[in-house]
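There are two complexes below, and they share chain A, which is joined by chain B in the first and by chain C in the second.
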Partner chain A sequence: MSLDRRSFIAGSAALAAPLVLPVQVFAQEKIVRFTLPQDFTRIYTFVTSEYNQGQRDYFTLVNDRGGVGGYKIVADITDHANDLPRAIEAYERGKREGAVLIDPLSTPVARALVPRALEDKINMITAYSGRSDAADGSAFPYVLPLSINYWTQAGLIIEQFKKTEKGSLKGKKIVFVHIDTPFGKEPLPILNVLAKKEGYELAAFPYTPPGNDQSAIWPQVRRARPDFVIFWGAGVGQTVALTEAIRNGLPMDRVSGSVWLSESDMDVVGREAAKGVMKVEPCVGGREPKVIKDILADVVGKGKGAGPENKVGTGYYNYGVQMATLMVEGVRKAAEKAPNGPVTGPWLNEGLRSITNFTADGLLPPTTITKDDHQGGGMGRIARWDGAKFVPITDWYSANQDVVWEEIRKNSEEFKKSGK
Partner chain B sequence: MDWILLAELSTNGVFVGLMYALVSLGIVLIYKTSGTANLAQGAIAMTGGYVTWALATLVGVPIWLAIPAALVIMFGFGLLMERIALRRMIGQPVIMTIMLTLGVEIMLRGILPGVFGAAVKRLDIGMPQQPLFVGELLLNRATMIGGSISLLLILLSLFFFNSRFGVVMRAVADDQTASWSVGIRVERAIAVAWGLAAVSATAAGVLWGSTQGVDWSLSLLLIKALAIAILGGLDSIPGVLIAGVIVGVAESLATGVLDPLVGGGSRDVVAAVIILVTLLLKPHGLFGRHHIERV
Partner chain C sequence: MFYRRAGIRHTRYQDERQLFPLGFDRGLIIAVLAILLAAPFLFDRLYVSGYLLPWLIWTSAALGLNLLMGWSGQIHLGYGAVMGIGAYGSVHLVRLGVPLEIAMIAGGLLSATIGTMFGGAALRMKGIYLAMATLAMQYVVDFVISHSTVISGGSLATLQVPPVSFLGIPLQGEVPTYYLALGVCFVITLFMLNVRRTSFGRALAALREKDYAAQILGISTFRYKLLAFWVSSFIGGVVGSVLAVTYLRAISPDQFHIELSIQILAMIIVGGLGSVLGPFFGTALILFAPILLNNLLGFTAGKFGWSLPIDLRAHLPLMAYGALVIGFLLYEPLGLAKIYANFRNYLLVWPFRHAQR
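On to the complex of A and B.
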């Protein structure tokens, strides 16, 4: 049997068509490209996999339902390992490929990318990381925390302590145990200002990173006889801090962490032993929120989940979903304003900065992003570990925002003047 | 001055120092027999912690069985490491062998969290968490038990060096060529030293893993272990014991006394200062032997 040239080309084309066609169809779809270079392998490993899993599952949910505002979301995932050259390379690659949003989930990386993001007009999400003063949208138009910064979290915790003491912290002693890094020291200005305002005594105990041995710190904390303890770190520093607090007999119901405390941490410390400890919740945890139920049914249930099913609904997973819902809401708003794009950083920026009273069907507190406020209103709540899960003990609230915004403006003014 | 706090920090420092010393023991064992500084000891402790956790959690072996099983596996790991990597370096400059151990350290630190996931793992060996008060003084049960077990294991290794095989290892340490000439299997003695070093590292990995959780940061024990080995003398087991206590107490007191004055961070400086001062003033450490070379 002979095969002439025409038959060969026709046959080849027929064979190749199914492989090529979906790409062409996809290429014809309107897409919004996000780049998510995150640290999967070095420092932020305690959160990245769950956070990123939540983001990918939500994007799958949105895309499978036809996208948002006529656009599908394309998310490029890479590992920057908290390494600045790798992160910058990933950023530049994302920019070349048309990404209009980057979420690096790393304070040093976010800080390094601020000048580039501002110049290139690429929206950089800095949830629970980066600069706290990026809440000031007038100074950082393309840097968007979209969530409560560390100063607000400290303010929320102090307010909760005050409530516990029936409205007055006068004469009380609050101990702040923190990792000895810029991130660990970040709440100190707010805690100091509030100490003067509320009349409590503040004692700070720094520990050396990564915090794997704090055995000499906690006896000092115990002997300081604190009324309340705030511990501030991440990863192994958090679990060791909590373990040492328990070994020193500190009452857990007077100990609080920031947003960086998860179910996985409780597994390491011992679920029963850690009963009573508090944390700041920026969004609802667990599987009850509608959006998490939808993911379970339509993404995980159909075998399209991005990671282990048992991680769906953990605190950090839901933080990822929280951020993804805000990004997608930004796209929706942008498409509302300019349905035909063009899809650029400024196009998405308009959408992100017009998110109003958004709750993602009850997953997050009412969040409003404006051109001035990139924090979203500064609402969070306090949850307490009951041995099995974190149970909210307050409603959504914001607190001490006057003090927080004074600090934000002080720092953002400095940035406007010096670029630092 | 809060004397009770100082007493508490000192007591705690003794036990923590003994736990560090257990990591250091492996460095000394290997140096004593082969004259090589093993910079992979921290990562081997981390590996031992991961193996124990994997046996107990992933395989479902009861912890009382998982620990001895991990010790046996890691003994084999030490033997293999010597056979596959270290023995090939015979005849090469010592610095190359040391660089090889550093390479192993970096490789293990990358591979283990990559395979098992980088999140901190719980290793529950049944140590009680409740505080133990003696008057106003609090004794940290976890470090107290960990320190006591470490002390026991270090004393056992002292007895081992007085056994028949221990004498063989000492002979190898003294003069490898002379040992060969009288029929001692030098390679086997060095391989056993690597196996025992891996066992002591694993025991330390389990004890530290049970107090802080198992993750990559267990490999940071190397810095403390090096400080102890250098201060005590790289070839002295009693030196490890005493230097361990000195380093532990110094670190603990620095945190309590210096940190409030300098704003924190003095704990890790202690190990570095001890390494520098010892090498400058007493290079063979407190109990190390001076090597006299005949020319």
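On to the complex of A and C.
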């Protein structure tokens, strides 16, 4: 196609348009800026939507009540689609605009941002994602999982199995069905060490990612006659795994997942059929906690909710609120220590790493973040699906932390050695 | 008017044969180069490490793939894996204490070796069948990397890049890393500009048009097909190691999956197959259109106080991006480089509308 005068002019105008758009100017008030580039469109999709909705609703609640320690929270949200160039651009943009905290909610993105966050002293939240060894605060001062990592979750599940068997797993068989990616294989070292310690037999069955067909694996699981089954995946693989487990007649009350199981998954599997399945709960689910009630009354009730009302109180929504309460608590602590700022990464870091025994009015297990422990104590609980909701079957507890921390230290030592 | 072609009389063969015979083109390129060289001092860090650095790296990779797909007409769907081999090879060497300069070349050689082995499929297969063979390479390499903990680096499958220096300059902060990427991109671009003037380049073009016709003319298809894979994979490996060292800084298997291969493929198709300028435009569009559209929508929504649901807010830019890519290809199927060529042709004879060829 050749170019005529009209399209030449139109094209030039279209090219020049972005250049003349004015640059956004922010009012200078006492604010703490968070940047939340997350994956809304590629892999984590609905998980991110619910998680992010919880975060925003909580920030609205805090800001409407006058902020925290004299500061208002500003959260910039973009979509990074799990794509590194987009995420790194968002990180750099956030940094330039003065963000002191980033929450990418993506393992690949978190991995690439670790060296940058450590260098730039920007607090990176890696809840349920990123490197598990970031729990070691001495190696990763600015990387804060603030939540139980996958190793701890595996340890909690094994402890619960042990309790079910009245204190001994000797001679029992535990099957671990997992997605065949680094994420899926992550708990294996812990499960192996515990197998030696507790005397159970471990059989691992990997399925190929993304896991939308697992029909070859589950009959083998059934034939293995397991006493317990742990399934490990995220997104589509989870619902397929559960469906196959049900189809193969495994006793659902002896099947457990990680934190990645929610009401939305149950709708796919069938609420009634999945009865009995267990998951790890890092915070209280449902609408009972005071914070969620407050959000329903003061944010959603007043029409300021960030998303559909029926998502409020679902598993991932509450994870979002959980992380948001921890971030805000970090700001409160930081403002206590140095009320006049200046608001920088190290300023917030001081606050985040001095959170002690924080429960957000009963939403979280008592969480204490120290300069060494960024996991927050490693407490969680097991909940069971009763056909309508997840009902906790244990109290908050922590288990096998010695094994977990051995693995954490082993990996963080390795990281330190690489000289960063 | 702009190009001032009137009165240019080449009196020596080398004048006629230079890469850019028109003074205006030379000036333009020098200006662009000068801006790129001064970029770390002119622009904010956001633009240097958020835009220019990935642009240079991805463009280098796209140029390497373009040699194979645009010049010699061999389809390759596993270029991400080729880059992955280079990245893993060189990072492992660097961790063992090998200097980066050597590790980069070694990574390239490793990619070239493995890439050529799979490229051997091209001797028997063409078109869509070759696409499948190279796709298989992608999956085989992914599998091998993520299943050997020795390669992928332990239970977390993340391999940290230790502090490195290039020619005695420590690669820390955005300025030296940017210059390394710029240098590599410059060398590759120069190579690509010249390759079409060599017998190698002409042999590749002959292969692309019809391989048995080329064989009849005395061009060894065996040799040149493998050579095309070798050179392209070598470039891919070197760029992979540059990507790892300057941009990712910690590599994990999922960074080199099929998504990367398809992304680079899209860059050269949108930019223009067989063009040197094309990958530069294609990369800019594929990498940055989603970001810019996202920011534009965010800005507009903020300005006018729209409260879009977050899902719509995240997906609208992607729809616009898809429409943009289709729109460009409908408008000019030969890619963005051809749109630029049309634009240039228009200005060449401006203010007249046509010139006699």
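As a convention for this text, the second predicted complex is superposed on the first by the 390 of 420 C-alpha atoms of A that agree within 3 Å, B and C clash if a C-alpha of one lies under 4 Å from a C-alpha of the other, contacts with A are read in each partner's own complex, and residues count from 1 in each chain.
Note that in this section a contact is a pair of C-beta atoms (placed from the backbone, for glycine too) under 8 Å apart; a residue touches a chain by one contact, two chains touch by 3 or more.
Because the structure is predicted, anything quoted here is derived from the model rather than measured.
Engineer: Identify the partner contact of A:P392: answer first if only chain B is touched, second if only chain C is, both if each is, neither if none is.
Structural biologist: neither
Engineer: With the two complexes superposed on chain A, say which partner A:P182 touches: chain B (first), chain C (second), both, or neither.
Structural biologist: In the superposed model, A:P182 contacts chain C only, not chain B.
Engineer: What is the contact status of A:S418 with respect to chain B (first) and chain C (second): first, second, both, or neither?
Structural biologist: second
Engineer: Is A:A273 touching anything from chain B or chain C once the two structures are fitted on A? First, second, both or neither.
Structural biologist: So A:A273 only meets chain B here.
Engineer: Mind telling me which of the two, chain B or chain C, contacts the most residues of chain A?
Structural biologist: C
Engineer: Classify the contacts of A:V114 with the two partner chains as first (chain B alone), second (chain C alone), both, or neither.
Structural biologist: second
Engineer: In the overlaid three-chain picture, which partner chain does A:T41 touch, first (chain B) or second (chain C), both, or neither?
Structural biologist: In the superposition, A:T41 touches chain B and chain C alike.
Engineer: For A:S132, select first, second, both or neither according to whether it touches chain B, chain C, the two together, or no partner.
Structural biologist: Only chain C; A:S132 stays clear of chain B.
Engineer: Report, in rising order, the residues of chain A that make contact with chain B in one complex and with chain C in the other.
Structural biologist: 40-41, 49, 180.
Engineer: Considering only the defined contacts, which chain A positions touch chain C in the complex?
Structural biologist: Going through chain A, the ones touching chain C are 1-5, 8, 11, 18, 21, 24, 40-41, 49, 52-53, 77-79, 81, 83-86, 88-93, 95-96, 108, 111-112, 114-116, 131-133, 180-182, 185-186, 188-189, 306-307, 407, 411, 414-415, 418-420.
Engineer: So in the complex, which bits of chain C are touching chain A?
Structural biologist: Residues 44-46, 49-51, 54, 58, 95, 146, 152, 154-158, 160-163, 247-250, 252-255, 259, 287, 290-292, 294-296, 298-299, 302-303, 309-311, 313-315, 317-318, 331-332, 342-343, 345-346, 353.
Engineer: Using the touch rule from the top, collect the residues of chain A that touch chain B in their complex.
Structural biologist: It is residues 40-41, 45-46, 49, 180, 205-208, 210, 212-213, 215-217, 219-220, 222-223, 235-236, 239-240, 243, 246-249, 264-265, 267-270, 273 of chain A that touch chain B.
Engineer: Show which residues of chain B lie in contact with chain A when the two form their complex.
Structural biologist: Chain B reaches chain A through residues 2, 4-5, 8-9, 12-13, 16, 110, 113-114, 117-122, 124, 129-131, 133, 138, 140-143, 211-213, 215, 217-218, 220, 251-252, 255-256, 259, 263-265, 267-268.
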